[in-house]
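Letters A, B, C and D name the chains as they come in the text, with residue numbers starting at 1 for each one.
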Amino acid sequence: MSDGWHDECGVFGIHGHPEASNMAYLGLYALQHRGQESAGIASTDGERIIFHKEMGLVADIFSEEILSRLPGHTAIGHVRYSTTGSSELKNAQPLVVDFESGAIAIAHNGNLVNAQELKRELEVSGSIFQSSMDTEVIVHLIARSRKERIEDRIVDALNQVRGAYSLLFMTRDKLIGVRDPHGIRPLALGKMKGEGGTVITSESCALDLIEAEYLREVEPGEMIVVDARGTHSHRPFLPAVERFCIFEHIYFARPDSIMGGTCIYEVRKALGRQLAKECPAIADVVIPVPDSGVPAALGFSEASGIPFEMGLIRNHYVGRTFIEPQQSIRHFGVKIKLNAVRGVVSGKRVVVVDDSIVRGTTGRKIIKMIRAAGAKEIHFRISSPPTCYPCFYGIDTPLRRDLIAATHTREETNTYLSSDTLGYLSMEGLHACVPNGKTTYCDACFTGNYSVPLEKEESGEQLPLFHASVRV
Amino acid sequence: MSDGWHDECGVFGIHGHPEASNMAYLGLYALQHRGQESAGIASTDGERIIFHKEMGLVADIFSEEILSRLPGHTAIGHVRYSTTGSSELKNAQPLVVDFESGAIAIAHNGNLVNAQELKRELEVSGSIFQSSMDTEVIVHLIARSRKERIEDRIVDALNQVRGAYSLLFMTRDKLIGVRDPHGIRPLALGKMKGEGGTVITSESCALDLIEAEYLREVEPGEMIVVDARGTHSHRPFLPAVERFCIFEHIYFARPDSIMGGTCIYEVRKALGRQLAKECPAIADVVIPVPDSGVPAALGFSEASGIPFEMGLIRNHYVGRTFIEPQQSIRHFGVKIKLNAVRGVVSGKRVVVVDDSIVRGTTGRKIIKMIRAAGAKEIHFRISSPPTCYPCFYGIDTPLRRDLIAATHTREETNTYLSSDTLGYLSMEGLHACVPNGKTTYCDACFTGNYSVPLEKEESGEQLPLFHASVRV
Amino acid sequence: MSDGWHDECGVFGIHGHPEASNMAYLGLYALQHRGQESAGIASTDGERIIFHKEMGLVADIFSEEILSRLPGHTAIGHVRYSTTGSSELKNAQPLVVDFESGAIAIAHNGNLVNAQELKRELEVSGSIFQSSMDTEVIVHLIARSRKERIEDRIVDALNQVRGAYSLLFMTRDKLIGVRDPHGIRPLALGKMKGEGGTVITSESCALDLIEAEYLREVEPGEMIVVDARGTHSHRPFLPAVERFCIFEHIYFARPDSIMGGTCIYEVRKALGRQLAKECPAIADVVIPVPDSGVPAALGFSEASGIPFEMGLIRNHYVGRTFIEPQQSIRHFGVKIKLNAVRGVVSGKRVVVVDDSIVRGTTGRKIIKMIRAAGAKEIHFRISSPPTCYPCFYGIDTPLRRDLIAATHTREETNTYLSSDTLGYLSMEGLHACVPNGKTTYCDACFTGNYSVPLEKEESGEQLPLFHASVRV
Amino acid sequence: MSDGWHDECGVFGIHGHPEASNMAYLGLYALQHRGQESAGIASTDGERIIFHKEMGLVADIFSEEILSRLPGHTAIGHVRYSTTGSSELKNAQPLVVDFESGAIAIAHNGNLVNAQELKRELEVSGSIFQSSMDTEVIVHLIARSRKERIEDRIVDALNQVRGAYSLLFMTRDKLIGVRDPHGIRPLALGKMKGEGGTVITSESCALDLIEAEYLREVEPGEMIVVDARGTHSHRPFLPAVERFCIFEHIYFARPDSIMGGTCIYEVRKALGRQLAKECPAIADVVIPVPDSGVPAALGFSEASGIPFEMGLIRNHYVGRTFIEPQQSIRHFGVKIKLNAVRGVVSGKRVVVVDDSIVRGTTGRKIIKMIRAAGAKEIHFRISSPPTCYPCFYGIDTPLRRDLIAATHTREETNTYLSSDTLGYLSMEGLHACVPNGKTTYCDACFTGNYSVPLEKEESGEQLPLFHASVRV
């Protein structure tokens, strides 16, 4: 749905595998849900870095011929979603540049909050910028570091940035993964079975597809260097409180991925169970908004005893460019993706479970559709608290004024959605369900407590003008 | 999954709507599950018939510009799946030809069993064939009829063919829908709300998308003529026993469609409940093979009391051409579409529910995948009887020798699949769950009782050589 | 230039060569000037006929992969230009159909004048038409013939048509070439060097590229049958007066082709010399409109003693779709293809030689352009008589009312063109320069003496409505 | 022909025109002969710089829609040819970057000989490189300049580079054109008629197409700044001896362009006349290798009295990707572009005139082809001296060892080509024919006297490794 939050990136790196770029291709394929706008792979044959990136889906971009031109035992890849304004190839990653020490490729999931400030400083001292990615700032800082070893240059650079970053770097002989001290975005470490090969990637589901073993998460503030001498962990940054993105548990991650030691699917079911306790409803059936609402709806059903049904059917053949040609029936919106199953909802009191509400436009259409299919009552249940604040750590969110929960009371939202009742999960309920222990979370989208202080511009509503040139 | 049965077509026709081709576009979009290989729309402005057809998905083929070149108040459309051998544009429909009375467009869902015979006779009397579609035979017969009215020509033609057909015809002033006397393939009648407009289409889900009202099914042997004088029903054929394709209920139709007065979703849940009764299993969890196995798995869970979980996650971003580049991990097959959720199946006794088994190759991989995710036991349950015979009435099925149930005992199949136990629904169980009353079914794929006698060649294993020329 | 006459087709057939479709590809490439809209090749492996056709240029359509799917020792190919209205793939050739005797492929250069009449008769007796090509009529007549041998069926069919046709037919074991009794369109016979292989094609330049030997022209009314028993000539039609298209000499054929025993280049030079005698000019320089006017301009220069220069430069990088975006300088027209060389024309009295004038719009722009580059006087000389009548024998010409010479006197045309003087070649001059002897010519475009009587509709201005359906 | 020298770029800039990007589109179209690999346009609306660049031909890249997204009164454009290794979009121009003062776009024709050295220095001080264009070096130097005005920054930067450059810069309010002090590559100044608008572009033929007036050449070492205050000329560099590329006269420039005050066509004719004097031949006919050899062949004919004929016909329908599919006739090479006119050369003693010989492979095929068409003798005449040295100033030339004249004597070359005699123009003859007066020339490709001293690596045969990363 376009009316949702979008994770901005997924990354995948592998070292020590004879078909590194093939593995990267498969890994990105499994991470496609983290970004569908562009994708790229860079590999190294030990001499040069070769790369290919394009707008589009992984499976559409990479042919056997293109992959055959990406040789070597080390590769990194990236999938990207971005806002419309900067939907351009020049912002696709990995970003590959030449600098003093040779070539380097970088793939970034996250967002820097002081990129604009650093960019200005770098420009003043003579740097040029060819993209509108904050990632370009990191590369400049690496190039300007006076350290010799690439690891030290990277640390030098990252000591100057603030924000969320799960980063992969590749030089002609090294794969380096770094997670910011708060550990805002995920990063997992894995190992190919048998002959070896080390993998660092956003989610464990990418490991499953290539039949690699999930070892553990890269720790907040940890730098992992993989080269001919093995895999080494470093702790080059000052320690900080972990602030893992709680929304990965709610929506972004694939349900078959493991984060914080727990399967995401299980977390979402728990959210649904908790939701049923906090916001019960007297109803005949519980239906999810597919596919993201399914585990929470199952949990709601389990806790409430109300039967679960797939009352909304998803059309899988969306194609590249659905047009809404007609004048007589306007605003298809979600109808082209979902249809209500009359046999399930007609004459019933229906609980509809979704993971979150952003603008509310999609929810309103879904409720209208279920009502049209004959539902007697509709109780909308959300397996997270109201999202009231934009994210500045790597997620594409609307402006605050466009978040319905930021500008409407629950009652007003319920009226807008035309649901009979509307229930959100509580903050306490949310925190009770996500894996706890040493992990603490960033929940700024619900609370406005931004774990990393923002630049002045970013705390406001407007995205700053990062770039004075635009590609069409 | 490529290892499945494929419905060969969906049809959509509308008369009396100012944006007829736009409605046809939306209708075909909702019918995309019935055919993803090619699509086409023909419309008439009252003078000429204009058409556009292409290989690919509906949403990729039709742009606003193309739709704007298809004016008029009447349109018919078609989506097609076909076997590899004849995957060519020349076989896309609607087929539009000029003949004595002007131009006619035809869209066909089904398969004629005496097409080869008729083709030979037509050739002997001087006809030429430009496609390998049996539909072309019907058009020749219409053109050769000595009747004057198009309705009479169509009846003349259809009295000579045997087999399954749900047909739409369009002339410059008429929309005509016909269903064969056995009513093998579905065809539904609907009505646009408000200003009118009559729709005839394969499934009611196409009516939902355009917010049309579902009126009823076109009856077996019925011909519906829609023109300026209204909508008229005719019964031009000798009555025959209804033989509706029972597999529409099991797999082909969308769960939100209504057939035989019942929502398909409900029928499938009933199949799952019956399956639980006939083939119980002592297990911890019931999981479906998504998406087709979901309703039956819910029914199985309901009847057995074993909890339902989404233990297999589907990757929606398949793209056009997934390649399997690598040598080290061969045979990805279903792994690129599905992944098992470790948290759901690990350490569990798992019931896996699917709608049918064709070759068995997909099932085998799914079971391997679930086993690799830690399942302790796997009980494979199929919500239909063993499929032992190919279909000759419009479904693309493998040769008999490739149907695993035709050549292996249940025990052998279970061994091949590596499941712990394997259970199929019984024929009696199947018939007990589908809508009964006046409807009787074609179940030849299970029983070999072909409702319409076959030509000699077709009863054998080999598909006859229908065409001496091939397009690449 | 769009303001010109367009030859509608080129054909190429080869029998007995191990890479028949590769040879057809090369042959069509050399015939590309005869049609740039679509191209197709059909080959036979002795069992089936396989074909591929597409819109576009030969070199863009055929990849190695596509050619590899066109196996066999016999192949025919076709390039097509057509009027906008019927620019569609369904009209691309070869046309391949199945009929009583198996499959047949046909490639046609020419136009039938009684196609409409025959179509109506065929429709009345039950035929259907799927294209708007008159060629489809021929195939129907072949299929309806009661003769047994394909040669006899072809003769049967062609005895019923009137008009211009140079035809190639291919069955699974034969290549057959036929030229209509008047021999209106060209057809040449050639032979591969060494191991053999017989070629029949529109122009000898196609033989040059594949290093085949030019043997002779196929005679008017001759049918050449090539099969395993050799190459045999037949004369199945009543003899008729030869009426070879005189415009092939003036414009259509490539200058390096041989027709009537003479190199076209030499004929065009002779036309230029004759033009200099008939319409002398006192001038400083002779320049051609490239490329078609070059030989005639050289002849004019030779006969007049006025130096020849390339005063107009042609831009070869036209690309597929030149747009004329701007508002300030409208009507680029020929300027995007040609530019005047100031150094050649400035301050000079210039003779500009072109092969013909159709609408006059291009000539007007060329003269304006040369004038703007500083020419003192411009004497426009045309190496053919005024074209006053449309062609109905296979050339795409404007309606009579759009031919400037049909509606304006020479003086008025000169005024319109804004040339200082305008001179055309005389009919006598033209006939004196083309190869004479037994050949006589169709010069209907100059005289209106149509060599084959027209159907009523065609003699009028309007092209008849051949087809009631249109593809977009 | 692939066996030739390729000019690497053409540039076009316009300021003060309401349809600046449309004008740039047309200008680039007229400069397409200077580069067919990629093209780009950047425009400014006074706030931002917007750009679009793609691989391919100008007319294929720019649609009306794309041009409409390039608003503003100022635009610059670029066409590029480059060697295979760096045929990538990242090297397409204009290069648009953000730096301290805002955004800047740059378009470059030429080549810097100390780019590698400067790149290394820049990298040492922290710069990153994202392309393999030497142009990127210039942008870095501009960004690092401590001057305030963009003009001063540009001068600062260019004072550090050595080599050939005709450069256009665009900021949000200025168009700046600069030609290196030696004036190696061309650059012309023009003016739109009427309402104004200043144009700076590689060749005057781009002015002709948009009906702009040719004013004069930009002088070596001149910087022209166009902004709201008018057009101002600056001389910021130390004066140097002019070294205009003599090969522009011989081959690169379009014959209708004016350079050094003389029409290129006239210069080439003079070269042909001189050639006839220096290397006469007793022959029956003079034919050019089209199209580049035409003016020189006309000059040769004029001086020798031997008649000029178009004995080689060029096939204009090359398409994008001609394949040479067949095994029996290998190595089509030039045959797919040219065919000999038998009627012109058969039985004749033929002088063939071409502008230059690079590897000799094309010439050899042409001579073989003319011989096969029946020529009795072939006298190959080249309107330039033997090319023995690669160019390092912006032309894509083979390595020295691949230049046939560098490794073979004239006699050996004649034997290789299989011509009867071979004649080159003398250096003196060449210099006598090009426009003289104050202009002096770079003739390093003939003499090895490189006008700008080379870096060590470049003087050798090997192109240095400029970039450690490669895009596929």
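Keep in mind that, in the parts below, a contact is a pair of C-beta atoms (placed from the backbone, for glycine too) under 8 Å apart; a residue touches a chain by one contact, two chains touch by 3 or more.
Quick caveat: nothing in here was measured; it's all calculated off a predicted structure.
Engineer: How many hops, at fewest, get you from chain A to chain C via touching chains?
Structural biologist: 2
Engineer: Common contacts of chain C and chain D?
Structural biologist: none
Engineer: Greatest Cα-centroid separation from chain B: which chain?
Structural biologist: Here the answer is chain D, farthest from chain B.
Engineer: From the C-alpha centre of chain A to that of chain B, how far is it in Å?
Structural biologist: That pair's centroid distance is 37 Å.
Engineer: Please compute the C-alpha centroid of chain B, do the same for chain C, then give the distance between them in whole Å.
Structural biologist: Measuring from centre to centre gives 48 Å for this pair.
Engineer: Could you state the distance in Å from the CA-based centre of chain B to that of chain D?
Structural biologist: Those two chain centres are 60 Å apart.
Engineer: Of all possible chain pairs, which ones touch?
Structural biologist: A-B, A-D, B-C, C-D
Engineer: Which residues of chain D touch chain A in the complex?
Structural biologist: Where chain D meets chain A, its residues are 42, 48-52, 66, 69-70, 89, 95-100, 102-103, 105, 119, 123-124, 126-130, 139-140, 143-145, 172, 467-472.
Engineer: Touching residues of chain C toward chain D in the complex: what are they?
Structural biologist: Contacts found on chain C: 17-19, 22-23, 25-26, 29-30, 32-33, 36, 56-60, 62-64, 67, 205, 208-211, 254-256, 258, 262-266, 291, 294-295, 298, 302, 307-310, 313-323, 325-329, 332, 335-336, 339-344.
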